[in-house]
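Letters are used for the chains, namely A, B, C and D, taken in the order the chains are written, and counting of residues starts over at 1 for each.
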Amino acid sequence: MRFVRFSAILICTGLLFGCGTKGDDTKKSELALIKTTNPSPSVLDHRTEKNVDMAEGIKEEIQNYKEIYDAAIIKGDKDILVAYKVKHMYRFQMKKIEKDLKKKLEKKYPDEKFTISSDYKIFLEAVRLQEKMKNPDFSRKEANKKLQDIIKLQQEMT
Amino acid sequence: MLMGKQSWVFQNKPVIAATGVTGGPFEANGKLAADFDILHDDLWIDEDSYEKAHRVLIEEACETVLKKANLQEEDIHFFIAGDLINQITPTSFSARTNQIPYFGIFGACSTSMEGLALASFMIDHGGAKNIITGSGSHNAAAERQFRYPTEYGGQKPPTAQWTVTGAGFALVKENDGTDENCPVTVSATIGKVVDMGLTDPFNMGGAMAPAATDTILAHFKDLNLDASYYDLIVTGDLGEIGRNTSYELLTNAGVKMDKEKYQDCGLLIYKEDQPVNSGASGSGCSAAVLYGHLLNQMKKGKYKRILVVATGALLSPMSFQQGESIPCIAHAVSIEMP
Amino acid sequence: MSSKQKKKTPEQQKYDILQKKHETKRPVLKNCLRAFLVGGIICTIGQAITYFYIYFFNFTEQTAGNPTVATMVFLAMLLTGFGVYDHIGQYGGAGSAVPVTGFSNAVVSAAIEHRTEGLVLGVGGNIFKLAGSVIVFGVFAAFVVALIKTILINWGVL
Amino acid sequence: MLPMFFWAFIVGGIICVIGQLLFDVGKLTPGHTLSLMVVIGAVLDGFGLYEPLIDFAGAGATIPITSFGNSLVHGALNEAERHGIVGVLTGMFEVTSSGISAAIIFGFLGALVFKPKG
């Protein structure tokens, strides 16, 4: 009886973790949450010098934060998505960091619309999008649509 | 006949002529499995509720008694029994089945000895010739009424006790000399309600110990006996804590007795490795152990005179929630081999 | 507790002391260790489920809480139904009662226990027999807290 | 991400130990304990302390029942922001509804499928 009970628990947990790890393609994006990926910023817009510079500038700005250790930046047609990871011990102040960073970036680039998130999901999606963009068949239009989806996801905060 | 303040002496020595004991799966794994007449391997006993299963336990025990005694329901004059469930429905419903004139009694876990004392008294005074008396309890039915649903993961403290699934019934008969090698009831002491102010429903043994002590002392005083008269003094369901506490209370009151002689039904029925915390409890506990194991031992000659002190905690889930303490009672019946 | 103590007669108090001597003490330290272990494991499983939803479905860290809770409730229902959860509860104590699985266990155990009294009066009437007080006090406390906070914000104190 | 598992374990475990102490030392029934913890969760959120804990410990803070009080307050406050003081009443279950509705639905389904084992 004891054994039956115990194996029931084991099977349940096994199922749980089994589901969690299915699909073992080791693309960079799949490990994005476990490892520090530090992707270089991408620009969906016309890859003008200005845009690239700006993306790099944002990246540098973020690297000045000692609380942040990993950031993905995507510059779209209208929006800039900034997803980053906060060092665990600073997660208590996550909301404050987010506000602070947003203010700073908006001050530096007043003409741009920023979407800032420390959410793992947003980071993951950002890295996934960057991965897709490496594929030359992936059109800019599609990429921008995907970016809008991510931004929408970030806004529905319940 | 009344003797002393609260005791009866049965001069005609009514006979416990036959017994029937039923139990559930947990009891089947226990120490006394061999002393049960019927053991079920499922708590539901093929019924669709625990209360109905409880009724079946009682019915089967009664049927066993009748079969062993070779009697019909019509030969029995009264049925004196009770259980723990609200309005003692399982017992009343089995009285509906067997159609024997019925006294429903409630003394919580002391019901078994309350019934035996009353039955012996009635027979001793010619009020009846054959009476079936006993009591039963069902673990899950009691659990869901007094505590939580059976599947609820509440942690029971080490003071808690495990309600027995089982029933023990006996035929008490006028002593007409035809029943040889059958134990007889000699005297009984009816206890008074004792409340020492304990409020923890997970520590029944501690609450009931003073009641058991009170009744034992009254018994010795009324009948002018001491502990050496008995081969065994057995309490109903005090468990480990209650047994140790009442033993100290008795010692403090000047009773000298070997601790081996002072046993508890709640500690006899299960094996040490069964997860019952402090011991067994429930109105079926003292009934099943006495009418099964202890009477068998007496017939084998291990004991000649025993005093059975069934203890009951007279609480309800409501009284506990309303902040009342736990009043307790104990009834003692002395049983001897002729 | 002290007011109850006062009501006791001297005789009862004396007995209380004597009885306490024989009462098996609750193994507080052992219970706490087990509660820590079981509670920790349940929360870790919850975390794994959260990441599962983040990885494979469109949930952010913020929104993944809802499906996670629902999944944990479901798993606890299975464990309760198969008669495992009450054994976990006896081992883990608060470790299995405090997580939302314990809430689920309280609801499900009451529901299946009262199935014998019918679906409407039994299951419907008793399903919140144990968990009801949690909802009542949660809602009332939340009401008071939110009311005070809203008033303070309106007054400009906060 | 990996430290998250660690801290979920630690924080969830600690909250459970607090519950165990209320059981064993405070001698409270499970009903009292859980009600108290929900109230604590609500009050903590009132002071704005529970959200950072969730950020820090993830499921370690959302799985214990204290988060129930937290999300009730959250729902009420969100609604109050939009609709004023009436929102305190109407928004209460906005966030928590999933836990309670899941418990009701699965409880009911469970009652149809399972029998108590005793």
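The definition used in the following text is that contacts are C-beta pairs under 8 Å (C-beta built on N, C-alpha and C of every residue); 3 or more make two chains touch, one makes a residue touch a chain.
Quick caveat: nothing in here was measured; it's all calculated off a predicted structure.
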Go through A-D and A-C and name the pair with more C-beta contacts between its chains. A-C
Identifier of the chain whose CA centre is least distant from the whole-structure CA centre: C
Inter-chain centre distance, chain A versus chain D - centres from mean C-alpha coordinates, in Å: 28
Chain B-chain C separation of Cα centroids, rounded to whole Å: 36
Rounded to the nearest Å, the gap separating the Cα centres of chain B and chain D is 45
Chain A: which residues touch two or more other chains? 33, 120, 158
By the touch rule stated above, which residues of chain D touch at least two different other chains? 1, 4, 23-24, 27, 30, 115-118
Spell out, as numbers or ranges, the residues of chain B touching 2 or more other chains. 50, 148-151, 154-155, 157
Using the contact rule from the top, write out all pairs of chains that touch. A-C, A-D, B-C, B-D, C-D
Contact footprint of chain D on chain B as seen in their complex: 43-44, 50, 139-140, 143, 148-151, 154-155, 157, 200
Which bits of chain C are touching chain A when the two form their complex? 45, 48-49, 51-52, 54-55, 58-64, 66, 75, 78-79, 82-84, 87-88
Sort out for me which residues of chain C touch chain B in the complex. 4, 7-9, 11-13, 15-16, 18-19, 21-27, 31, 80-81, 83, 85-90, 92-94, 96-97, 102, 105-106, 108-110, 112-114, 116, 129-130
Considering the complex alone, what residue numbers of chain B touch chain C? 48-51, 144, 148-159, 195-199, 203, 206, 209-210, 240-241, 244-245, 248-249, 275, 277-278, 323
Can you list the chain D residues touching chain A in their complex? 1-4, 7, 51-53, 55-56, 94-95
